[in-house]
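Quick notes on the structure that follows.
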């Protein structure tokens, strides 16, 4: 029996203020796959990822998780999903460790890896006590990426995860993604970066056809 | 919430069609002349009857005649808020664009009527109680209603995105609707607490029939007038929001030519 | 499964409450400013009206309530603002838990850091404004319940204006009519006590408003956030 793909998107379109951002987007992502969303600036990559998280509602089309519409299995879907958006959701007045502790507390599932270990792996070993307003933007991004190590979610949605991080960080993140899909997870990410990953598929987001009425 | 729209039986086609701004625009063109005529006739009848022919009041003399404008305006101001909120609710539940347009159009009309009610109340207050403004329960409630309207309008204009503006205003209008009975009752209670010695406003049922009939006519006339104003304003809103579509462009060029 | 889900439901409210309290503690200066405002502005009243104790006693209850309301209004603006700017709000909107729970956690933290201190400082202001002795306990009780209502209703306004740049003033405009019943019954509680009448009835109504607000405002704020935060 063919199992339904982890995520499948059919004929998705999004319209805001009478202008259509994109239309007729369809793809499916199975466990073990990485999907890279490509497109020019303003083509709607961030909007597409937000639609996948359920943050926004599509104008047309369906998004399904394991064959069920996400509106019908919201709790299961959101528990199995991790989203890191443009902003790293790091509170400046808290330390890296406190930020991560709170992120873990509000997440559905987590690994056994401790917070300090996670921070060490992303290269923030000695920084766990310093408030985040003393850290750089790249370091904020690393705190957000430490979530990836702790989370047990199968679906990862990452919006421009490579911004602000240096070459070492890029390599680390790529190995992180590779390990995640090797364990059976799936990743949908938007980036301009050229990735050297196996199991990588690309989807190009085209601008929508002009609305005729 | 969108699942509610699945409950609509399919033979309610007129409801779905009403949701199309273009359909509404063309249909309302046919209703408008009749409605306007009706409003004009009823208002004229009511005004003449109330201002000229209704008997004088025993205590207040002729100055009471302002109620023929004050009371209908106050009535419509309250109803107008509920109409606005219902339009917002329909827009939120069934995601109809025209509903949001009606809600946006209803806000300034209702606010203007509230202002008229307050102004005529002040005009009435001077000869009756010797002061233009008295903090009694009804006037205070009217003032708070004006603030509620102002809030909805301000929220509409604060957002650049039309979708966000519509939905946020709809939510605010619904929150306001839930609060209006609470506010009215609280203000009534507050007024009885302090009980200044003033004449109570004439309440409609205890009025003499000869004074009450023109009031009823005026209320009906105001409702008709409200409908006309709402339709006109909604039509403007439709043109403004749909200005990029082909049917509006055709309309504009046809008007320009002919 | 049931215990795990219960833990999930709990950590929605508790995690956000703890986080917001920690954040407030880190920004102690900012968080203290509504209380300082409350005390300082109350000095304006005798300056603007009269220093006579008898006159002040008449307006004391109402004035203290008005000042508490304004102080709350000033602070409720920032309820969702910083979360919106750094992306935490986005994360809150996609957690599997019911959205009203984190919102209730945040509003509780807001009340604990604004409404509760205002309530505790109010006897001091009562003293400065010659509030009759009978009024102190009712003032405390009515402010405790009332500021909680103000925080809850203010959260709805904050949710509606979160993505606007100069949302603060608009927030005040939106929320002010909704605050009026609270202030009517809050000051009535104190007036009743000062007049020697049983002050529990208006307090009970205030309690009813609080109960209704706790039930309805988080849901309204959740609906508003889903609309406004995506812009």
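All chains are identified by letter, namely A, B and C, in their written order; residue positions are counted from 1 within each chain.
Everything below uses one rule, namely that a contact is a pair of C-beta atoms (placed from the backbone, for glycine too) under 8 Å apart; a residue touches a chain by one contact, two chains touch by 3 or more.
What you see is a predicted model, and the numbers here were worked out from it, not measured in a lab.
**Q** Would you mind checking the shortest number of contact hops between chain B and chain C?
**A** 1
**Q** Between A-B and A-C, flag the pair that has more C-beta pairs in contact.
**A** A-C
**Q** Using Cα averages as centroids, what's the distance between chain B and chain C in whole Å?
**A** Centres of chain B and chain C (C-alpha means) sit 32 Å apart.
**Q** Let me have the rounded angstrom distance from the C-alpha centre of chain A over to the C-alpha centre of chain B, please.
**A** It comes to 48 Å between the two C-alpha centres.
**Q** Taking each chain's centre as the mean of its CA atoms, how far is chain A from chain C in angstrom?
**A** Centres of chain A and chain C (C-alpha means) sit 36 Å apart.
**Q** Which residues belonging to chain B are in contact with no fewer than two other chains?
**A** Touching at least two other chains: 161.
**Q** Send over the residues of chain C in touch with two or more other chains.
**A** Counting only residues that touch two or more other chains, chain C contributes 230.
**Q** Residue numbers of chain A touching chain C in their complex, please.
**A** 50, 53-56, 74-75, 78-79, 81, 83, 85-94, 98, 102-103, 105-106, 108, 131
**Q** Where on chain C is chain B touching in the complex?
**A** Residue list for chain C touching chain B: 156, 160-161, 163-164, 167, 170, 173-174, 176-178, 180-181, 184-185, 188, 191, 209, 216, 220, 223-224, 227-228, 230-231.
**Q** Residue numbers of chain B touching chain A in their complex, please.
**A** That would be residues 2, 161-163, 241-242, 244-247 of chain B.
**Q** With touch defined as at the start, can you tell me which chain B residues reach chain C in the complex?
**A** 144, 147-148, 150-151, 154-155, 158-159, 161, 164, 167-168, 171-172, 175-176, 178-179, 182-183, 186-187, 189-190, 193
**Q** For the complex, which residues does chain C have touching chain A?
**A** Within the complex, chain C touches chain A at residues 8, 11-12, 15-16, 18-19, 22-23, 26-27, 82, 85-88, 90-97, 102, 230.
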